[in-house]
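Below: a set of structures, written as structure tokens.
Common to both upcoming complexes is subunit A, partnered first by subunit B, then by subunit C.
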Partner chain A sequence: MDVLVQIVASGLTLGAMYAVSTVGLSLVYGSLNMLNMAHGAILTIGGYAAYAVSQQLGWPAPLGFLAAIVVGALIGLLIFAAAARPLLKSRNFETNVFIATIGVGAVLENVVLKLFGPYAKPQPLNIPGGVRVGAVLIPYQNIAILGVAIAMMAIVALLLQRSRAGRAIRATAQNREAAELMGVHVHGVYAQVLALSGALAAVSGVMISSLATLSPTMGGDPMLKAFIICVVAGLGNTYGAVAAAMVIGLLEAATQYLLGVRFGFALLLLLVIAVLIWRPSGFFGKARIVRL
Partner chain B sequence: MSEGRRDLWVGLALLACAGVAPFALGDRYVLTQLTLFFIWGAVVTQWNLVLGIGGIFSLAQMALFACGAYGTAMLGYYLGWPLWLAMPASALLAVAASMLIGLACLRLKGPYVALLTLAIAQVIYLMIINDTDCFTTNEGGCMPLFGGARGIGRFGDLGFREMFGQRFVIANYAVALALLAFAFAFSVIVIRGPLGLAFRALRDNPGYAMSRGISQFRYQLWVFALSAFFTGLAGAVYAAQFKVVGPTIFSFTLLLFLLSMIVVGGVGSVWGPLVGAALLMLADEGFKEFQDWRALGMGLVLPLFVVLLPGGLVGLFKRWRSQKLASDGRPL
Partner chain C sequence: MTRPAPLVAIKNVTAGYGGLVVLDNLSLDIAPGEFVAIVGPNGHGKSTLLKTISGLVPASRGSIALAGVDITHKRPDRIVAAGIVHVPQGDMLFADMTVLENLRMGAYLPQAAAESGRRLEEVFALLPKLRDRRGQIASTLSGGERRMTGIGRGLMTGGKVLMLDEPSLGLAPIVIDQIYELVDRLKASGRTIVLVEENAARIFERADRVCLLDNGRFVWSGGGAELMRRPELLETYLGG
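The block that comes next holds the complex of A and B.
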């Protein structure tokens, strides 16, 4: 019983963190057909922004959190302006933007390395203490992460479903040309999507670093997992991505607990490959019929 | 002169220059760097086949390279195989590994392939560095099956030191040069031959090509598996040259470095990867003083080239030449 509580508690926390970073990636792929390889770097920068504001400047923690969101959104805009926008017209947009964002990610990661040094730092946004369920201590930090993640998801869902901007985003994702003809300013939508995705990545960076530590390379692993989750859910399927993130978080917690940390990721990957052989465009993805 | 024949003559001329070079340049450091250039050159010509010709966005190239390198090291270390035997064997191992990866990934579309291959490489890396169980013990203490974070050393060498004494550097150089020559010749054959033709047909008019019986999956699997042979062999030569194989060959910086070579030279072109490899290695050498900024510069190269010069330097050259020919009023 205690084992189960432990696995569910840490699995939900993991899943919540993955969900926040995955939704951003998925939105960007859904509307631009762009795999943003700089996503991990935004995650890192978000964590460091919170650190810089609340530790180095000594401002209160909520401001640090806000700073992370703002900086993440700005970096998202920067990626749009520097990599996505100039490439939109190119013949192999998907491949080119992938390569370009790999480079942008490396640059951003190095900027962090230059500014903050290579050593791991603790994230100051941390709530001490916890609540006891049976024999298991569940830290308040984990509960807070789950709460923030749910709030974030709710905000994103409201934004997408109820707001004018959200409607424009969905319309562009469905059919870019039709949306353009209806007067949607597509470039503006792309910029918004990347800013939103950057903000979400930054939030998940703060969460992840509050459980582990801050380091310039901390974004790589969560980004890869977020990508895997996207792939399992079907690239561009945002709601599927949230569900897949939770499932994979729980699965990872279970395998880590039962088999050891080493095999968590490897098993995850085997599972993903199995899913993709069974359903090549993801679990929730619809097979796209391409007319030549 | 046909393009294939031009490639042949230019290649032979370069090969002759490279063959004479070690006797003209006595410097050991330069020779070692050139050897490394040959190895990376072999890797990027093969990666270019996969990326630029086959249209497979695979990021597992270094994992296949590692197959060759680790295969050589482990066959030498555990089974005591002579390296001459271990090297081709591990290249075949890389082919087998790429067939497996290909069968799992190539049914999927572009971005899925990129993500899955990257994930596979990363998982192999994590499995190797997180392995702390002792498989055997040697003088250095505990030794995990794949060498763990420290890597594998002392698996023998090609025996050049006994054969040639101080000139063993030249022998290593010659082995790497031979590797590059064969790998490059193979890439030219693929690009100019039937496989390249099939992919051109698939790119220009997929519907027509497929209705004429050209299966994209089958040809992609072919190119993926065949290019793995020389990639693995390059890994084996790397192992023999440096006498130690560690998990650093999975590093993202190295992947970035090699990808930049292809992008700078021109994706999908015959000479692009080699031009890019030569330029980037020279640049790397030139900026040695500024080691800190190396990764930053490498990162900047990718978006700059993709955005401003999508065809790479070879593409620029081709454009310049066709403009010149057109302005001279000669037929292209």
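The block that comes next holds the complex of A and C.
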């Protein structure tokens, strides 16, 4: 029973963190057909932005959190302006932008290295203490992460479903030319999606670093997992990505507790292989039926 | 009698994809309220002409003006805002949205959003079937319903000039008749219509003017009835 509580508690926390960063990645792929390889770097920068504001400047924690969101969104805009926009008209946009964002990511990571040094630092945005369920202590930090993640997901869902900007994002993702013909300025939509994705990545970076530590390369591992979740869910399927993130978080926690930490990642990769063999377009990806 | 000032003036436009020239120094004036049909074989520039007017394909030479205002190098969203609406070939609906959401996307621009309640009623009055289907996801509609949703979505923009790209494509004859009855009503309401078809006798009796497009140039233009009396033109350009 205690093991189950432990697995569910840490699995939900992991899943929540994965969901926040995966949704950003998925939105960008869904709207632009762009695999953003600088996503991990934004995640790192988000963590450091919170650190810089609340530790180095000594401002209150909520401001640190806000700073991460703002900096993440700005980096997202930077990636649009520096990598995506110049390549939009190129013949092989998907491949070119993939390579370009690897470059942008490397530059960003080295900026962090130069500014903050190579050594791991603790993330000051951390709530001490916890609540006891049976023999298991669930840290408040985990509960806060879950709460913030749910709030972020709710905000994103409301934005996509209810707002004018959200409708433009969905329309552009479903049919770019038709969206343009209805008066949507698609470059504006792309910029907004990258800014939103950057903000989500930064929040995820704050969460992840608050459970582990800050380091200039901390974004790599979560980004890889976000890609795995995207593939399992079906690339570009945002709601599927949230569901897949939660399932994978729980699965990873179960593996770590029952089989050992070193099997966690191996099992994820195994899962991707299985999904790609069994359902190549992902769990929630659908083969679209076109009737004439 | 002088012709009224053109609503759309296309002057010496050349356009294409990459190095490929599809429209070759092409000119066309469209009067307010006129129904112009552009016919010709596939792959000779009909869709490209509409895409060039709506800004999806840039013109490399020449100019396009709407009511005297140059729109040649404007973005597609600005051209819709100026009043030209392009209903693309194959509908290009937002597949995962409902019919109603698709129609609402037509009223995306602020000036259209302000009128969206009234226009939605107009569209439902013209296309009553859409009212019944409004909650249905677009990808599950029949071909005729998809076409109606595409046209309805275009009408929601409130554009003065309606450009329809092959509205009969892939539809059963009885549904094509319904679509053309709709076109008649739109024409009667005073809209300016530019319609592209591969070859349809249905448009010869309706259009004020038929323009034959071949290899990126207009080779003939005149009344539809006149074209019907020119079997050699029909034979050469439209395959009989």
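As a working rule, the second predicted complex is superposed on the first by the 287 of 292 C-alpha atoms of A that agree within 3 Å, B and C clash if a C-alpha of one lies under 4 Å from a C-alpha of the other, contacts with A are read in each partner's own complex, and residues count from 1 in each chain.
We adopt the following convention: a contact is a pair of C-beta atoms (placed from the backbone, for glycine too) under 8 Å apart; a residue touches a chain by one contact, two chains touch by 3 or more.
Please read all numbers here as calculations on a predicted model, not as lab measurements.
By the touch criterion defined above, A:A9 lies against neither subunit B nor subunit C after alignment on the C-alpha atoms of chain A. Of the two partner chains, subunit B is the only one touched by A:E94; subunit C is not. With both complexes placed on chain A, subunit A has more residues touched by B than by the other of subunit B and subunit C.
Within the superposed three-chain model, A:R262 lies in touch with subunit B and out of touch with subunit C [touch as defined at top]. In the superposition on chain A, contact is made by A:G220 with subunit B only, not with subunit C. When both complexes are overlaid on chain A, the residue A:V184 reaches subunit C alone and has no touch with subunit B. In the superposition on chain A, A:A171 makes contact with subunit C only, not with subunit B. On subunit A, the patch touched by subunit B and the patch touched by subunit C overlap at residues 292. The residues of subunit B lying in touch with subunit A in their complex are 57, 104, 107-112, 114-116, 118-120, 122-123, 126-127, 130-131, 206-207, 210, 252-253, 256, 259-260, 263, 292, 295-296, 298-304, 306-307, 310.
Of all residues in subunit C, those touching subunit A in their complex are 54-56, 75-77, 80-81, 85-86, 88, 92-97, 101, 104-106, 108-109, 112-113, 139, 141-143, 146, 153-154, 157, 170. Contacts from subunit A toward subunit B in the complex involve residues 29, 35, 82-83, 86-87, 90, 94-107, 109-111, 114, 220, 224, 227-228, 230-231, 235, 261-262, 265-266, 269, 272-273, 276-277, 280-281, 292. Note for the complex: subunit A touches subunit C at residues 164, 167-168, 170-171, 174-175, 177-186, 288-292.
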